[in-house]
Amino acid sequence: MSTTGITLEQAEVAVKAAKAKAVELGTVMNITVVDAGANLTAFARMDGAWLGSVDISQKKAKTARFFDMNTGELGKLSQPGGSLFNIEHANGGLITFPGGIPIKNADGDVIGAIGVSGSTVENDHAVAKAGAEAVQ
Amino acid sequence: MSTTGITLEQAEVAVKAAKAKAVELGTVMNITVVDAGANLTAFARMDGAWLGSVDISQKKAKTARFFDMNTGELGKLSQPGGSLFNIEHANGGLITFPGGIPIKNADGDVIGAIGVSGSTVENDHAVAKAGAEAVQ
Amino acid sequence: MSTTGITLEQAEVAVKAAKAKAVELGTVMNITVVDAGANLTAFARMDGAWLGSVDISQKKAKTARFFDMNTGELGKLSQPGGSLFNIEHANGGLITFPGGIPIKNADGDVIGAIGVSGSTVENDHAVAKAGAEAVQ
Amino acid sequence: MSTTGITLEQAEVAVKAAKAKAVELGTVMNITVVDAGANLTAFARMDGAWLGSVDISQKKAKTARFFDMNTGELGKLSQPGGSLFNIEHANGGLITFPGGIPIKNADGDVIGAIGVSGSTVENDHAVAKAGAEAVQ
């Protein structure tokens, strides 16, 4: 077996925690978990969640792992006049607003990332955070 | 037969109503209708309508269904500094200016969407609205 | 207005004739008409028709106009060992089995093409033929 | 909420049953479930499963829903000299060997599909079948 970071068991823990947080917030979400190689590991679309957010949740997760930072941080730099203006054109499309968060293990190593899309960016981030923090 | 939302008969009613509105406004339009799964259901390009608007009308229809809102609403949030800046990079390209409108049935359920492109965004929206409202 | 061959009125005549033939054959089809520039002009997906045939009907129509011949003719040449083996890789994907037919005016000039997908290639071709021949 | 076929709860039942079958067979798999609109609904990559099978499992699920048949059935027709030779070029890439199966409800309506990739096509099909049959 190749080492690619997060296990499916951990990814499913993250998805489950994210779903619980979404229910708590009264929203329906698309939830993606990628591994250390930024490859898809687990995904769930809650009933009635936006179809367009399937891809956005995946792009948020990839973006978070591609640069090992929250997607919203990258978005601050990609505005007009910013140092990374229009970085969204790279990698077949990046998403740089909040909702993507790296997932770390107990040692602080990045082992994957979670991306959430389906509501306001504040809710997306809160749900992603609940998912990321559920992984130990 | 599986249920995927709007029927072809309903979609053709929408296209016909949209064409009539375009004629009334003295414009020529590309008109797309997608179903609940955001899959193409009906399309018409009026004689002389912009070729580049074939794709735009399709992306507007998909965008409206992807997020169950008028495309122009999404565009307000995707401006520089906005919460969804550069969301247009998702889903192989979104269009977020007016002209895409969800189509609902009598119960208020989204059963598809219409996208119109070929004139000003005001005209595009007016024509899409005429099409969406013609579906019962 | 730019001259791009077939009019929307003609294209809708083709779609209507194709739908009637599909009903006669007891099938449901995706029907695409493109103009002389191989750009989408009219489209209809009959209720319950294969979702995967949306794209195939479009690729058949484009392929027929791209080479001004029935798609099935091209397919004879694209087989292993044939002179055009794997031509399907060009133009973002071609479809070379039957169901795509050029549409000609009374003078024999190609003014567009029709592509049909949803059943056997024999039925697809028969429905496309009914559509193409309905245009005068 | 709009109706798009299979629910997340049903999709997760399919994924769970597929994983159990994969364990029984001593393999590791990528498992995708799409809804009636061929949109991604649930996904799981078992630890150590081929990275290249992420996309293959998704294309198998889409292909099965696009044509409402097992992917292996389509593959019989897409061989050199077959009636659907090189159909794989449509829809941004189809996969036509076994491992994709439509998911039906109790009434026999197609409500989605499952695609499995990671082992032999016999194993892929067996795992997909276990998943599809677990949905009631």
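Letters are used for the chains, namely A, B, C and D, taken in the order the chains are written, and counting of residues starts over at 1 for each.
Here is the rule we go by: contacts are C-beta pairs under 8 Å (C-beta built on N, C-alpha and C of every residue); 3 or more make two chains touch, one makes a residue touch a chain.
Just so you know, these numbers come straight off a predicted model, no measurement behind them.
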**Request:** Walk from chain A over to chain C along touching chains and report the minimum step count.
**Result:** 2
**Request:** Between chain B and chain C, two touching copies, which fits better, same or different residues at the interface, with half of the numbers shared as the threshold?
**Result:** same
**Complete:** dist(centroid_CA(chain C), centroid_CA(chain D)) in Å evaluates to 29
**Asked** Taking each chain's centre as its mean C-alpha position, how far apart are chain A and chain D in Å?
**Response** 25
**Prompt:** Where in chain A do residues touch two or more other chains at once?
**Reply:** 51
**Request:** Sort out which chains touch which and give me every pair.
**Result:** A-B, A-D, B-C, B-D, C-D
**Message:** For a test of understanding, state which residues of chain C touch chain D in their complex under the given definition.
**Reply:** 50-53, 55-56, 59, 75, 78-80, 86, 88-89, 93-98, 120-121
**Request:** In the complex, go through chain D and note every residue touching chain A.
**Result:** 1-2, 4, 7-9, 11-12, 28, 35, 37, 39-48, 51, 54
**Fill in**
As the complex stands, chain B meets chain D at residues 1-5, 35-39, 68, 109-111
**Fill in**
In the complex, the residues of chain B that touch chain A are 37-38, 62-63, 65-68, 80-81, 83-87, 89-92, 94
